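Both complexes below contain chain A, partnered by chain B and then by chain C.
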Partner chain A sequence: MTVTSQIDFEEAKSEIGAIAAKSGALVGGVAAADAFMAAPEGRRPSDILPHARSVFVIGGAQPRAGDWQSPNYQHMEVTSTSDRMQTLALKIARTIEDRFSYYAVCVPPGVDQGQQPFMSIAMAADLAGCGSRSLAGPVLHPEYGFMYFGAIITTMPLPADKRLDTPACPAPECVAMYAAENTTPCFGVCPIGSGGCLGGRLEAGHISDRQYDSARCSTRVQNYWVPGFQKLLGATLQEPDAKKQKMMLFSSMFSRTLWSMTYSNVSQGQCSECMRVCPVGLAHRTKQ
Partner chain B sequence: MGFYFIDPQTYEKYKDDILDLSHSVQINFQEQLPTDKRQPGLSDKQIAKKLGLEERAVREIRCVAERDKYPLDEFEEAIRFKENACRNYSVKGMSAVMQKFVEKSKE
Partner chain C sequence: MSDLETETRTQQIKQLALEAGGDVVGIADPRAWDEHVPHGHRPDDILPGARSVIVVGSRGPTAGAWRSPNHRVMEINGYDFRNDAAIHRVADAIEQQHDHQAIQAPGLPVAGHLPPFSMMLAAVLAGLGTRSLAANIILNPKYGLLYYSACITTLEFQYDHMLEQDVCPHHMCVESFRRFGKTPCMAACPSEEGGCLDGSIDDQGRIDYSYYDRERCVTRAMNFGINSFQKALAQIVSEQDEEQQATMIYSDFFSRSCSAITHYKESVAQCFECMRVCPIGRSERKLK
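On to the complex of A and B.
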């Protein structure tokens, strides 16, 4: 354990960053805990850890380039690697407490009783300069594109990083596409006006308006998961015909939903189509 | 019954207002948008104050309404959507949507 008065916080940050990188993180950064003013009351770092000073963010565990190439959409559902960042976040929290003697907690990756995140890890990643919010929603790193993030809230006063000077989204290709066709790849694949989730506008190469139907996105991202299960269960319980009810209960939809729930510890992203067509990080998803 | 839930009449009365005020459909939600353009939606606490309800009641109504918004058919449609989009990409790659713009950016 290091005596608090002897800690060089810049060095400590580098040490934590090195542990993160060695353990598989592609990116890391720090957001000041008091920078979360755009977050709703009750969902800021100090609402989880009193006297929080910093949020250390890690990112990585991307799907492999080959995962994106599979013609079977179900493949991406069962190869989720997001939990690796959560495991690493736990390791970093332990390091901060054991090595530097400050409180540290991981931001829980699930949702609270209101079905909302305890704290926005996406906002933390954006504030820590690990990426920027995209039209589609996920935080994108300018070089690597889509990745998973974890966040550790601590009372340790680590030096904060700054947000990216140039957002990763929209990519130059998307700006050109929007100018020519009035749409972008993510809007094109999942248009809010035609049964999809996403809409918006670009102006002068920047996001100027954005619409996102989170309820519809949930039917796709949580297709075979808790929301789908609740719907299926409701419909099946209401079926008065016992033979028909058996068909519903044993159906591929019902069975797959139950399987999906059993092998999911926290959550699964069961739709990746807006990210599949995203050009940010394309070089890292392109192999022979 | 032994757990808290909302009575159906209260749910029907408030569900549309609560969904409209919440984050369920996010229009200009993102934090990086200019302050004058950003519309982050209201928290359950803020909605409760506005409608004169308890926060817990708002939270329950919103959670049920978000699940209620789309019927089971939409979950079946989601499967078809993903099958088509994924297969289309595996055949055409980025050309499925924007290959010419990707190539142009490399020039």
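On to the complex of A and C.
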């Protein structure tokens, strides 16, 4: 297949998927660019790339089974990042342009003005059938559970995948637990009514209501990295005692915060407790 | 060592560099630096006994990123460090397969604001491009703007010649200058109107004079990153009002600045307007 011949877009999609898989992605899928109607204006694919037709989504780089087993919780804080998927997304964007001569742009990581993402990669993953939104917050893949995602917007009219017929969350185990105890594993580990972040309701085996305290969660999930640095900087600058201020600057907390900023540019998972108890993807977190 | 062996080795290392992510590769004779830079900035000053400098260039933003109406997309997706990755593969291959020393040439300043080794000069001497009217950026005849990295090694390769013909000015720009007194890049960012560029073209169609206001350019090309972090931090530290200080720390501007310095990945070049109008490499950015 060359760019001068008629492109078989189904074949092209398989080829891109194979490159993604070879480069470390566990899952891949395509969402139609015009399917993002639930996103606010300015945050849709065509706002980033005019005449966008498709969004190719990749997922992977989740913590390994061994990471989940480590008794040192700080281990997970420093090894779980989305950078690998972001790097791979850039590679795929380049592949689409070089191989098929269609425009492609990687959805930028991080936040844009107003601390809002350029485009919701979680929504893209959901629309591309790479997973579904969960009670705990992250998009969960039915087999692998939690993972990091990257997205590439392109003018290439790739055949779109459909959303999952059966959402990954709630898992049958969680439905049963909710019926018996009125809670799920993730609600139980971080209950919004007791200082946690999660709450909600299941009806007929489906999510009927969901509560997620995003602000509270970020203070736990982002202990280090940019939000941690901002918090520490404010506290340090407002410390009137010069000696104490120096102690704060040279503290392990401040050092860790700076270190964490140097090895991950986007996001780092630093709590993961709601995911630790999640039955979705448990088989992949369980090894000998 | 026969010429044939050197030629074969040269072809092999160039092929490796391209497979590892480079878009172009060239090799320069370390002695060529002598007439251009002072002692301390030559290949032999960095690796004693240097006999070759291998230079790899890779494209920055994808063609899709160039088309985005959201300028902040380019601010973030400008660069993916493929040239650095390729140079590491090249250096590894030289040390492991040929038993010669090889290092990645240092690209960032270690004291003052001048780099110990000029990648721009390396690219010119390796025949990959020539200096342009647009901020002295080295333009490659095929791709235009590229990012460069270099490997200095004690192993000898066949050297490439410098380009015989200047890449800049393009004949279209020569015509534009003769008619309007400006090239597209000068018109996009004229120094006499608060911009960064000025210059002139002689009767032979070559650069006669060029002016580049580097300090002014930095304030535009580096909206986020180390520079904006330093600027914002100075303002935050000197703010007396605690509430105002906290607002500045948690602003999206400071968040983006912090995020941009993490791993130096999110944000490197952020203006691109002189390159947007440059005809060199434009065909490479024209896709479907």
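The rule is short, and it goes like this: the second predicted complex is superposed on the first by the 282 of 288 C-alpha atoms of A that agree within 3 Å, B and C clash if a C-alpha of one lies under 4 Å from a C-alpha of the other, contacts with A are read in each partner's own complex, and residues count from 1 in each chain.
In this section, contacts are C-beta pairs under 8 Å (C-beta built on N, C-alpha and C of every residue); 3 or more make two chains touch, one makes a residue touch a chain.
Everything numeric in this text was worked out from a predicted model, so none of it was measured.
Novice: For the three-chain model obtained by superposing on chain A, do chain B and chain C clash or fit?
Specialist: With chain A as the common anchor, chain B and chain C both fit in the superposed model.
Novice: Based on the superposed arrangement, let me know which partner A:Asp83 touches: chain B (first), chain C (second), both, or neither?
Specialist: After superposition on chain A, A:Asp83 lies in contact with chain C alone.
Novice: Does chain B (first) or chain C (second) touch A:Gly114, or do both, or does neither?
Specialist: Both chain B and chain C are touched by A:Gly114.
Novice: If you count the residues of chain A that each partner touches, which comes out higher, chain B or chain C?
Specialist: B
Novice: After the superposition on chain A, what angle is formed at the C-alpha centre of chain A by the C-alpha centres of chain B and chain C, rounded to the nearest 10 degrees?
Specialist: Value: 110 degrees, nearest 10.
Novice: Go through the superposed model and pick first if A:Gln230 touches only chain B, second if only chain C, both, or neither.
Specialist: Both partners, chain B and chain C.
Novice: Just checking: does A:Gly193 make contact with chain B only, chain C only, both, or neither of them? Give me first, second, both or neither.
Specialist: Touch partners of A:Gly193: none, neither chain B nor chain C.
Novice: Just chain B (first), just chain C (second), both, or neither: which does A:Pro240 touch?
Specialist: Neither chain B nor chain C is touched by A:Pro240.
Novice: In the superposed arrangement, which partner chain does A:Ala215 touch: chain B (first), chain C (second), both, or neither?
Specialist: First partner only, chain B.
Novice: If you take every C-alpha pair with one atom in chain B and one in chain C, what is the shortest distance in Å after superposing?
Specialist: Least C-alpha distance after superposition: 5 Å.
Novice: I'd like to check the shared interface: which positions of chain A are touched by both chain B and chain C across the two complexes?
Specialist: 113-115, 230, 234
Novice: Where on chain A is chain B touching in the complex?
Specialist: Its residues touching chain B are 38, 40-42, 68-73, 76, 113-116, 123, 126, 132-133, 163, 167, 171-174, 176-177, 180, 185, 188-190, 195-196, 207-216, 218-220, 223, 227-228, 230-232, 234-235, 253, 270-271, 273, 276-277, 279, 282.
Novice: For chain A, which residues are in contact with chain C within the complex?
Specialist: 47-50, 83, 87, 90-91, 93-94, 97, 101-106, 108-115, 118, 153-156, 225-226, 229-230, 233-234, 237-238, 261-266
Novice: Help me check something: in the complex, which residues belonging to chain C touch chain A?
Specialist: It comes out as residues 59, 62-65, 67-70, 72-73, 76-77, 80, 236-237, 242, 245-246, 249-250, 252, 254-256, 258-259, 261-263, 265-266, 287-288.
Novice: Which of the residues in chain B come into contact with chain A in the complex?
Specialist: Contacts found on chain B: 23-33, 37, 40, 43-45, 59, 62-63, 66-67, 69-72, 74-79, 81-83, 85-87, 89-91, 94, 96-98, 101-102, 104-105.
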